[in-house]
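The following pair of complexes shares a single chain, subunit A, combined with subunit B in the former and subunit C in the latter.
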Partner chain A sequence: MGADLRKSLKGYAFILPWLIALFVFVGYPFFAGLYFSFCDFPPMKDPMFVGLENYTNLCTDPVFRRSLGVTVIYASVAIPLGVFFALCLALLLNTRIRGLSFYRVVFYLPHLIPTVVVALLWLWIFNPRYGLLNLVLRLVTTVADAWTNVFFDLPAALVAESFVRPSVTLLLAGPLIAFLAFGPWLRMTLAESPRWRLFLRICGVITLTLSIVTTLYATLHRLLPVDMQKLHSPGWLSDGNPLPSCVPFAPSWALWGIVIMGMWGVGQMAVIYLAKLQDVPTELYEAADIDGASWWSKTRHITIPLISPVILFNVVMAIIGTFQVFAEPYIMTGGGPEDKTRFVAMFVYDQAFRYQNVGYASAIAWMLFLLIVGLTLLAFRISRKHVYYAGR
Partner chain B sequence: MRRVHIGLVCLIALVVCVGVFERPPKLADYDPERHAEFADTWNDRLHLAYWEKWGSFERDACQAMVDDFNRGQDALFVHYVNTSQVDRKSMLAIMGGCPPDVVGLWANNVQPFASADALMPLDELMAESGLSPDRYTPQYLDIGRYNGRIYALPTTPASVALFYNMDHFAAKADQLRSAGLDPDRPPTTIEELDRYADVLNEFNDDGSAQIMGFLPTEPGWWNAMWGYYFGGTLYDEESGQVTPDAPANLRAVAWVKRYAEKYGRDKLLQFRSGFGTFDSPNNAFIEGKVSMEIQGVWFPNFIRRHRPHMNFGVAPFPCAEGVPGPRSYLDADVIAIPRGCKHPKEAWEFVLHTQRGGLAILSRLQGKHMPVRQPPPLFRQGHPNLELDVFEQVAASPHSFIRPQLPVWQEYNDQLSRAFDHIWNYPLPADALAGLSGPALDAKIDGLCREEIETTYADVRETIQRKLDLYREYTARREAKEHHGR
Partner chain C sequence: MADAHGTTPPWYFRIPIHVFLITGSILFLLPLIWMIATSFKPLDQTLRYPDSVMNAFVGQGHRADIDGRAFDVVLERRVSPVHEHRVFIVRPSAEFAAGELALPFGKDVWDKYPVFNKQELARMNARVTPTMNALTDDRNRFDPETGVLTLCSGRTLPATLVREVLPDPEGSPLWLVREWRSSDTDTKEIGSAGGDVTRAWDVVPERLLRETVRVIPRNYPIALHRVHFLRSLRNTLFLCFMTVCGATISSLLVAYGFALMEFRGRDVLFAITLATMMIPFPVVMIPVYLLYRDLGWVGTFKPLWVGAWFGSAFFIFLLRQFLLGLPKDLLDAARIDGCSELEILWYVVVPLARPAIAMIALFTFLGTWKDFMGPLIYLNHETQFTLSLSLQAFASEHGGTPWHLLMAASTVFSLPLIVLFFFAMKTFIRGISMTGIKG
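Entry: the complex of A and B
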């Protein structure tokens, strides 16, 4: 026996337990599931081959269509939001501020809490009457209503003849116009007094933000009166109506609840970004500083291209994760209200363990698998032009 | 490297030793604390495993029944094994060829287990032992029946009735009288129930609910069953068709929708979110937030636990005018012998005991009635449930009903729940209802949502009927295949 062969055999011997487990616990169920997807298989009877019937039934099953719709809507909202918030968080955590380690730990902590605990915790947070979220919302919307009412006809928006109150709106618009008009002037001529310049800039930013937010809030009240009224104390997990209500395929309030809860756990994604962010060569930033690049230019032209492989990784993981969401909605809503949070993974579970249709459940699981593979390949294909690998 | 190898070998040897020499606990292991009174006959007895779902005081009742059996003879010893998710674990155990000797299942498990040949039929054993089917309330026995044969027998039954807060009735006595209602008795029809509820409602200054006279969604456990109180059924035995959109069922849904619109969906949602869990002092009825509620025979146990001096009454839940009553949804826990158990004959001895002396112990300690036509003479004497006669009355009524015994029931129930939620949340234009009240408001609500109700429930019918037909087709194919194989 040659030395190389002996070495190889030794290596295989070491990974043998893992290999056996892989074949027995992953390989066998994987291919058995494929076979069962072509069978009628109540768990306590032998599987009976029915050809493609499970797949054809799937296409006409309204419950499956609904659950697939919920999953796709959730993915299309949760993935971009998750990736965006995680990136913002990572950029913030990458700055040099005091207590940075503390913040990093705080944002990663939610990921360490078991899913069931998180779900039960959020059930309380989402309680329409006593929940923390609605407590804050009630306070914020009451203040916002009172403030916006000074400038716009809010509560009577539906019946008021004039939406805008011209006289008082000047109070809001005046500083805004002043800021827009004199902003560049401030920037150029007040350099001699940095404190004044900073003060005026802060005032300007506050005024601008208030103007935009107030106008936006009033406009939303005008466009979506029902939703904005609900926003004072939403029913969250019990409300199956879409938000915004004028968009039929918009996520329901209940689904938004699950999306918001999902955002709580973006810390893990942010930590992965952070690891890559710290890997970006500082010379590039130094060169950009010499060229007078702004923060936004550096982020756009250096940071994002260099961390793009990690963005792709996070997007792919998010695709896989969002299409397999199960525990949170199972515990929090059980799929309700009106099946508005019944994800495909829950439908698979129900078919296999509650309705005793293992064959049908296997077919759904395979459809889900193919869908995830397809979307992942699509993500790779789209990313070809946008992802920068420094090694290549 | 050598040290690593030696370490690995030692580790493997340790795992093997633990695997070989570790003695797992056995059913027949003697526990001097719990089994002292059976010490003399312990080793001579055959030990049986009884998997049952209950914890808390229901578990104590089951244990008392088991103890009664163990004390009554010295050939067998039954071990009560408290098992969560008993249906799934039993299924796995039966499939794995290692089932318990006796299993306590939920009523909706009978059909899937029996159709899969996972339970032993009990008809012959009953006949041999002289256990007549006639002694049972027919609906309770039907729960354990599949394809004409009995596979499971009832243990603790359940019936439901109307619970009403007598203090609320007394506090609003004058208003009730003014509305032409008697404050000293509960409503007898659904139409009367609505009128009582209207008077008993109390609202805060901002229009939010403080007390609701009645809410069809509280506790929300039998939302799919309201149609029966309007004279409907969910399944037509003769045609073999599901009938969720039968006119009486749709009438029931419209009745529920009227509550949603009259008092405001969002306001009721806020109100309901303030309710505590069922087994807590913040239960909506126990706390006095809801004056009338449909609940089961078990409820007095919980009322007396959390608010011992609550002044409440119980009456048969009213039916719609013209619908014969009293009627109640009936359910039951069942006991069965899994196919493939090691000691079926001995297991039957225990099941037989549960059906003879055991039922009285179990039902009494759980505060429930018995699933038989004639309870033992002393059963009612000193019974902890002071409202027992009402539940016995509704359980004995020929109009009371059980859920349809369908293989697709779980799916059917889920779809009915979805449809119910959909109609409850279906938005109606607020300006169309503005300024209306009484019958005009009801008529307007009915008119605005009739089409949506009809479409939604027709969809449920189509979906479930397709599943049912598919199940029948596969069953027929399977039988043909088996027949051909022979």
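Entry: the complex of A and C
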């Protein structure tokens, strides 16, 4: 017993710093915050218990409602997008190709940039008049406009022309005739060479994607001229109008800006995925190859299940992270335009340090905490069916 | 069959993958390239509508050949667009407001007399003394026969003709230019000097203008001076040193206790430790702030580093996972040899756990260097500001217009982390991988 006690004491001596931190920096503030949230706590005075008043005030506070809405919309856009992009990036990076370490460095680089620099840099990029983003958008629209003109006007012109000059009909009918004539031969040749078939399939997928995107763009361009004009050069951070204006609850341009900025830092998540991806035993793929599995079915049935714990980890981390976004909106927009980027964490900061409403701020912080805990539990709950743990 | 899982895929897969990745890399690098490009631009070029991609990234300037000498100039305005409006340099004989005149002009352009900056005049809306000359164009008219100057406000003044700017014999349009100086890039010199800013103006035919690339390394010393770089760097490095030492030492001790020692309640305590990682910062921020305020530490560096000396849940967790992987026999052998726990920690565990310790040191350094909210809450005097805070203060005090200086300071601020990353890439990647795999 004496030896056991000595051993225990020694152990406690080692973890003593953390025990102190657990009480002073975690436990005490955690419960003190809860207590303050039920108090009226004016500056330089003692807290006074007022019951649920702060919480009832919260429910009727339009600024809080707006900031909660903004945070939830941001999270519901940014988390799925981020997790998905990072996964795609990691899957692409998981192939054994040349320059892998270069790509990994490039995608991770944004994570190294200090928050203030990121905020200032993107503030400059989002500058509606002189910024990089609108410059790129202008270039893209110039190209897209030219392309949609070809896409829409050229066929129409050709059809119109074929009425006047019969030789043009041949131009239109030519490919059709050629396909009918050489189609069987082409199919035969392709059947003999799976490589060419795959190559053509990939080309086909790319062409199809491009033409779908172009058609969508062109259709939108013709149907919604006003909104599309805005798409060419939005005001970004100073622009509170949602996109497009007909959709309710659509994030404002300013919020979209912060989402785009968040996507820049997605490399961190991708590197975490990548580490797990490279742990997947190759034997599984070899076995699947013998069974003749395609790339997609291997990804779907081997890769995704095996890295699902990391997906869950990333989702949980993203939930915790996105609900605490503070520095970027604080530096970039100060909450504006019309509270469209006033995230909850910023609202807490404002209430606590600017207006000195400590009790009220604590109540908001606790609502935030409950929200994060709730969503995390939900994520775990949903994941229970889908996450595969090796060896369990 | 085609395989993109861990083996080298065939060429028809490799090419599209490379295309995607290269496009992605360019998109990811573009903001950083834009940051560096802006940091080398002159002020007038950052606030210029970029009409081409080249203009957006490279500062453009003009040189003019005046009397056989080449001058760096800034184009102010094209004058004499139409022939019927002849261009005169006149001296008004009565006072007028700066806003009434489209272009205030030097006393004697050819001798490069000092004049006020145009924007300055418009801002101050000062009364302009009649000794100042005016350049006429399609907005300010002058009739040489009657000697009447019509201002753009519609008011007429008597004025005397100084000189008529003759049209270029080859017919190229005329430009009002002013001499470009490297001091143009410092907003403080322009802003604070008030009426003392001197600038030489001239009218030059377009034929004599040549485009040049203007790269201004001088932005860097100016920017660093303006964000009080050395002072902020000293503050930041002090905090980094304290937090790195604190976090490594305390996390090592605590993780050792959790991983390699037996005591009652260990697993429960560890579970609680893990659970605390879920608590968002805003929840504990306020009471901790009040705690430090009662200790009288707000406005000092202490709140920003003292906490690190008590360990952090995440690092304890990482290090514990690492220590659990160490061979038990080695520790037992040391114990049999009569080593105390501290000796084991120092002579056995630390050498073995060096990669994990390096990782914690690196991440702590990164975190402290990048931290914004902590200094924002606890520091309130300018002399204590860290780099983050100084940069933000500089940006907000100017309403974010001196982009070239902001980007120069930002580049310098980010550079150490990028250099560190390239030197310690392995530690970084291993650290990130560990977070995911063990999590």
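By definition in this document, the second predicted complex is superposed on the first by the 330 of 392 C-alpha atoms of A that agree within 3 Å, B and C clash if a C-alpha of one lies under 4 Å from a C-alpha of the other, contacts with A are read in each partner's own complex, and residues count from 1 in each chain.
Keep this in mind: a residue touches a chain if its C-beta (ideal position, glycine included) is under 8 Å from a C-beta of that chain, and two chains touch if they have at least 3 such contacts.
Computed from a predicted model, the values in this text were never measured in an experiment.
Engineer: What does the overlay on subunit A give for subunit B and subunit C, a clash or a fit?
Structural biologist: Here the two partners, once superposed via subunit A, clash with each other.
Engineer: Thinking of the overlay built on chain A, is A:T376 touched by subunit B (first), by subunit C (second), by both, or by neither?
Structural biologist: second
Engineer: Which partner does A:Y130 contact after superposing on A: first (subunit B), second (subunit C), both, neither?
Structural biologist: So A:Y130 meets both subunit B and subunit C here.
Engineer: So, does A:N54 touch the first partner subunit B, the second partner subunit C, both, or neither?
Structural biologist: neither
Engineer: Of subunit B and subunit C, which one contacts the greater number of residues in subunit A?
Structural biologist: Higher number of touched subunit A residues: C.
Engineer: Does the superposition put A:S211 against subunit B (first), subunit C (second), both, or neither?
Structural biologist: Touch status of A:S211: no partner.
Engineer: Which partner chains sit in contact with A:T71 here, subunit B, subunit C, both or neither? Use first/second/both/neither.
Structural biologist: In the superposition, A:T71 contacts neither subunit B nor subunit C.
Engineer: First (subunit B), second (subunit C), both or neither: which does A:T333 touch?
Structural biologist: neither
Engineer: For A:T141, is the partner it touches subunit B (first), subunit C (second), both, or none of the two (neither)?
Structural biologist: A:T141 contacts neither subunit B nor subunit C.
Engineer: Per the contact definition in the header, classify A:Y285: touching subunit B only (first), subunit C only (second), both, or neither.
Structural biologist: second
Engineer: Contact-wise, after the overlay, does A:V63 reach subunit B, subunit C, both or neither (first, second, both, neither)?
Structural biologist: first
Engineer: Report, in rising order, the residues of subunit A that make contact with subunit B in one complex and with subunit C in the other.
Structural biologist: The overlap between the subunit B and subunit C interfaces on subunit A comprises residues 127, 129-130, 353.
Engineer: Quick check on the complex: what are the subunit A residues that touch subunit C?
Structural biologist: Listed in rising order, the residues are 4, 7-15, 17-22, 24-26, 28-30, 32-33, 36, 89, 91-97, 99, 102-110, 112-117, 120-125, 127, 129-130, 132, 135-136, 139, 195, 198-199, 202, 206, 264, 267-268, 271-276, 278-280, 282, 285, 289, 292, 294-295, 298-299, 302-303, 309-310, 313-314, 320, 323-324, 326-327, 331, 344-345, 348-349, 352-353, 358, 361-362, 364-366, 368-369, 372-373, 376.
Engineer: Would you tell me which residues of subunit B are touching subunit A in their complex?
Structural biologist: So the residues of subunit B touching subunit A come out as 88, 91, 94-95, 112-113, 115-118, 266, 269-274, 408, 410-411, 414-415, 417-418, 421-422, 425, 427, 459, 463, 466, 470, 474, 477-478, 481.
Engineer: In the complex of these two chains, what residues of subunit A are touching subunit B?
Structural biologist: 40, 42-45, 48, 50, 57, 60-63, 127-130, 230, 233, 235, 238-241, 245, 335-339, 350, 353-356
Engineer: Which residues, counting only subunit C, touch subunit A once they are in their complex?
Structural biologist: Per the stated touch rule, the residues are 1-10, 12-14, 16-18, 20-21, 24-25, 28-32, 34-35, 38, 46-50, 53, 56, 250, 253-254, 256-258, 261-264, 266, 269, 272-273, 276, 278-291, 307, 309-312, 316, 341, 366, 369-373, 377, 387-389, 391-392, 395, 400, 403, 406-407, 410, 413-414, 417-418, 421-422, 425, 428-429, 432-437, 439.
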